[in-house]
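Each chain carries a letter (A, B, C and D) given by its place in the written order, and its residues are counted from 1.
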Amino acid sequence: MAQKKPLNIGLVGYGFMGRTHSNAYKQVSQFFDLEYRPVLKAVCGRSEENARKFAENWGYESFETDWRKIVERKDIDAVDICTPNDSHAEIAIAAAKAGKMVLCEKPLARTLKESLPMVEAVEKAGVPNTVWYNYRRVPAVTMAKQLIEEGRLGKIFHYRANFLQDWTISADLPQGGAGLWRLDAAAAGSGVTGDLLAHCIDTALWLNGSIDTVTAMTETFVKERKHNLTGKVEKVSIDDACAFLCRFQNGSLGLFESTRYARGHKALYTLEINGEKASIRWDLHDLHRLQYFTHDDEGKLRGWRSIHVTDGDQPYMKHWWVPGLQIGYEHSFIHQVADFLENLAAGKPCSPTFREALETQAVCDAVLDSAETKQWQSVVL
Amino acid sequence: MAQKKPLNIGLVGYGFMGRTHSNAYKQVSQFFDLEYRPVLKAVCGRSEENARKFAENWGYESFETDWRKIVERKDIDAVDICTPNDSHAEIAIAAAKAGKMVLCEKPLARTLKESLPMVEAVEKAGVPNTVWYNYRRVPAVTMAKQLIEEGRLGKIFHYRANFLQDWTISADLPQGGAGLWRLDAAAAGSGVTGDLLAHCIDTALWLNGSIDTVTAMTETFVKERKHNLTGKVEKVSIDDACAFLCRFQNGSLGLFESTRYARGHKALYTLEINGEKASIRWDLHDLHRLQYFTHDDEGKLRGWRSIHVTDGDQPYMKHWWVPGLQIGYEHSFIHQVADFLENLAAGKPCSPTFREALETQAVCDAVLDSAETKQWQSVVL
Amino acid sequence: MAQKKPLNIGLVGYGFMGRTHSNAYKQVSQFFDLEYRPVLKAVCGRSEENARKFAENWGYESFETDWRKIVERKDIDAVDICTPNDSHAEIAIAAAKAGKMVLCEKPLARTLKESLPMVEAVEKAGVPNTVWYNYRRVPAVTMAKQLIEEGRLGKIFHYRANFLQDWTISADLPQGGAGLWRLDAAAAGSGVTGDLLAHCIDTALWLNGSIDTVTAMTETFVKERKHNLTGKVEKVSIDDACAFLCRFQNGSLGLFESTRYARGHKALYTLEINGEKASIRWDLHDLHRLQYFTHDDEGKLRGWRSIHVTDGDQPYMKHWWVPGLQIGYEHSFIHQVADFLENLAAGKPCSPTFREALETQAVCDAVLDSAETKQWQSVVL
Amino acid sequence: MAQKKPLNIGLVGYGFMGRTHSNAYKQVSQFFDLEYRPVLKAVCGRSEENARKFAENWGYESFETDWRKIVERKDIDAVDICTPNDSHAEIAIAAAKAGKMVLCEKPLARTLKESLPMVEAVEKAGVPNTVWYNYRRVPAVTMAKQLIEEGRLGKIFHYRANFLQDWTISADLPQGGAGLWRLDAAAAGSGVTGDLLAHCIDTALWLNGSIDTVTAMTETFVKERKHNLTGKVEKVSIDDACAFLCRFQNGSLGLFESTRYARGHKALYTLEINGEKASIRWDLHDLHRLQYFTHDDEGKLRGWRSIHVTDGDQPYMKHWWVPGLQIGYEHSFIHQVADFLENLAAGKPCSPTFREALETQAVCDAVLDSAETKQWQSVVL
């Protein structure tokens, strides 16, 4: 290990995503043989006590309570942004200006407009950058990408995806504040659109190319909730649910939906693609499986194959255990770190870069515009 | 059986639906103890040879080659219409005027406008009537209706349904003519919208109430096909695929899709309803199962239940075999005949009546209008 | 239909199996184009009222209350035996002697010894005969047979099957008498061994060849039950559960189990075969599906295929509806009648004949012997 | 973290299990708040190069090439044994004598006889000890244990388990040597019995109590393979497949099977328990799900629930991510370390202890004896 190059990480934010990223940095070197190894240099959080505790727990060498310190520290190579969406832009731009690599939790920012200067900043600074759309690196999803690139699906007719949760059905759940900023449009930008549909859109753009036009609807089922920051019952500002139809540039039709009111679904991200020659399906609740149907199979024996993506010849899996033994959610982050480090060594960008992630912002904006104007909207990048 | 009242059936059309209806009439009396028993009096088809063969095969006492004969015959009580959609209206109106009961294969007609006089005719004549939206009588679907009426789902947030097939992907498939009239808009009215989405919409209106507004898109993937009637390559007039978003009157959001280009799906009609307290899911490929999730279950033991709807306390199933032994597609038609006969004896209408089926026509029209105008459309009945 | 040859059926017994067989006779001619058509000539039951009612309901031309009348009647060609197991031998032998074809519900009899004279009788009389091991004619199971015969599985290593039910768990359930004779060893011969395992064994012998040796255990969980015929609480004489290991002649290992105490399973007959090149799985609760895994598939894309056996190129299915529309349990009986009639016209035996069904009796005997002696037993035919 | 007590680990063996254990030690402290934290003090392997590489990769402070050094080192608190089965006893006994805690990979040893002195040694030394039957700590399996202890299943009737793999079907696979010692009875003790069935038996004894008697069969499908250590084609000494029937002390019947010749199954460990009131099912290929059927559910709504074991109120899951996000295989080892450390702090044993693991050895011995003698065998502890 002595011969590996250290990459000093400064993490900003220590919530749910702070944990998944930290875990990824700690684990990657044992499973992937890479030129770089991440070093947990510093974590930053506004609460000194929490930041210290997090640093101790995860083995960060130090902690800060002002993100600007992270950006300024000479001993930090890469800034990882895990804060609520409303602070992504400011931190990322400052980090880029300070010459740091930037790894930003998704979505890039609250809107396309807010995202654009972030792209300019990292490109002007010439710093490696990536956005944590982690589901691209679930092995089954990566294999879906391979199958498409190998031409196995043929011309694509249909793409459908949804992301269904049920954790906000109770009207007693407050909005805003620690852990609940996702229910506050000021902090999050939007509700399920930026939080959940952004994942579906990122994967779709990656697998199926650009989206031209959309027609959408949104709904806020619980109109008022107590706001944790003010203590008052306030109008709910986010979209509880959002669905849209779209047309892709390749001529296929898209159908997307997300909600936090789908009783019985905890975090069910599903996608299905129907091509002329074959179809694939995947869902997050059994993320280690890919469903695959090919018309090439002999007629009477055609059927959907349930592929248990745990073999060494399947994406990323040679790094883990033995066939049949599944990995989980957290591994998608480890894979992203591994790819980031591998690309870093090779001098290549790590998808999705900030620029690539812009398109998801543009689609989200078009979707929210369409829901408001009740008109089809073009995606404008 | 001697004491049962005969109900003399005159069937018009002997295609796929002619078979399912005939089978239902033949079987119902052995499994349901009803006041009436259907008698297969006559079948009508334009080809004398085919009509005779069909009559012999199914035990019809006679056959005709002009549907007007069926309508006029004194020994016929009920006219069952299984012809392509473009002839439904004319036959139904004539049958009603002749005082016959009318059972009409879905959709009622090609458009709302064409359907309205049919409703007027049966209502003016006061004759019992029903439309064969057979999926209402799949036991698992009927049980879904019971669960909703018992209030088990609570307030409904989401309704989604699709009907996916893959049999028209090949560009070599011709359009029009016997067996392929579903690919000809002149005969069918529309493509998947009237053929497949009509089923989804009928079930949705039944389970979840009226739809207010829709936004839709349609696509014709194969633009030209040889037409069987002309022998020439002609523009394809139908929608190969159709998807729409909608808002129900009860405040829930709807998502519908149908296509004949979903590789790997033969006839996959699926529906899912998410309520405040519980959710249900069903699909046609395993039609004897209902998926049910209830938040009332103890927290750590909550999960989707796969209910094998084959027990005597589940809809229709006491008439069949023993628990665990599944019935199939054809039984939904037998159940509809049983319900028609039971309602007839009780002097009650059998859902969906022509009037009830109008609403599905109105939704289909709004969907096709929206796809054309690229505007949200209200459903106008 | 006029040109078809009538085959006059005399049915003895009108319980659950009387219904499935009658339904098969009534339906087969509409779906299969055969030289013969079954005619429901007479049904026989000890209760005059019930026999008359059954005859009326199913359209039997007449009824009898003594099975000997059925056997003697000149206008009957084939005797179908649906009585409890203890009367199979006497009726079958008498029918054969009278020159009737014999269709006997499974198992052939209570024991191998009781079965042998039945075989001799039909062979001496030279009458067509068959035993209703209906599951061979579930299309997915028939397709399994095809795949094995086509050599797709290669050398077989493992065969496992079970038949799980849960309807006798309650100690309040009585034994014996109408509808409950399956709980009375005097009438049934044994418990789950003859009732359920016999099915598993018949399929196994058909798909995988002869069984050499077995080691078994049985259990009676509820030791005493009220007997419906005596009104007294009596010792339960049947096996509630039975499991056995075995070695097939082809070198593969077998594992079989049956019980009526498997909470949650209504009638779950499952089988799985593992071969060198491929494996198959099937279960009765979703009987229209065959699971298939082949090592011939490309490495990274290998997975179990869920084949929806509803296409015209799959066994029996061209006679039914359209792809994706499933048939059910009752159709396996219709297929057996169709095959019986087709073989009759061709002068061929219809499997399993009485002789073929002997081997299942021999295995059942060896299993019960092994359970009693606690020794491995050879299957002796 | 400063205040946590270090527990210095000395790992012997660095194969597949060496990796899973090392990973567990490295991760546990970030996810579980425990009094102790494992410190990776030393790893031992016979190859200096490999041992150094492993130490560097996993962060072990040092390495040894003779396990006796590990046992003797004063700076090591606990010895973890991950070597082939034939060396477990010697190392464990020496470690215990040296006053070290001992964590031993399963099975405890090759036979019951070889295991007994190990138990004596740890008990005499009074050192904490545990055996890595890791599947007990898969959250779904742990929850199964809870449900049984809460009495939800009622009286148990049936227990069935199997462990199916397909990686040794090719006759070209050699036996013995690094990575393949599991195919060499001298090193492994037996084939699938000790490797795979031992897991099934351990779980069964834990969930369902002691086994009284067994009848078994084993088979070696490929009789000769090249031996990697000698370079010659030699007789295969292990059992490729093993199946047995058994009776548990609680009166329930058991059915167990394991093989490495089940084409299509990579590492499919499944178990099912049928009780009077409820049943459960689980399998390793979707290890984050528990199937649960309870007769307490309302009749018409009864069905198998697919419980996605990813919520905070389910075993171990509050330590991980958020509902719906699954963990994988490796986490079962992390849980075992967490439990070991928690019990250590509380002065309690961590199940299964060496003594508890003896019973699995006794069952394995009885199974192999029965297969050889073709007699039912009692389990003698």
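One rule holds in what follows: a contact is a pair of C-beta atoms (placed from the backbone, for glycine too) under 8 Å apart; a residue touches a chain by one contact, two chains touch by 3 or more.
Nothing here was measured: the structure is a model prediction, and the numbers come from that model.
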Quick one: point me to the chain whose Cα centre is farthest from that of subunit D. B
When centres are defined as mean Cα positions, the distance from subunit C to subunit D in whole Å is 42
Would you mind pulling out the distance in Å between where the CA atoms of subunit B average out and where those of subunit D do? 55
Centroid from C-alpha atoms only, then distance subunit B to subunit C, rounded to Å. What do you get? 36
Listed in rising order, subunit B residues that touch 2 or more other chains are 265, 302, 304, 308, 311
Among line, ring, star, complete and other, the chain touch graph is complete
Using the touch rule from the top, collect the residues of subunit B that touch subunit A in their complex. 157-158, 160, 164, 166, 169, 215-217, 219, 221, 241, 243-245, 247, 251, 253, 255, 257, 259, 261-265, 274-279, 293, 295, 302, 304, 374-376
Going by the contact rule set out above, which residues of subunit B touch subunit C in the complex? 1-2, 16, 19-20, 22-23, 26-27, 29-30, 56-59, 165, 167, 265-268, 284-289, 308, 310-311, 320-331
Give every residue of subunit B touching subunit D within the complex, in rising order. 143, 147, 290, 292, 297, 299-308, 311, 313-314
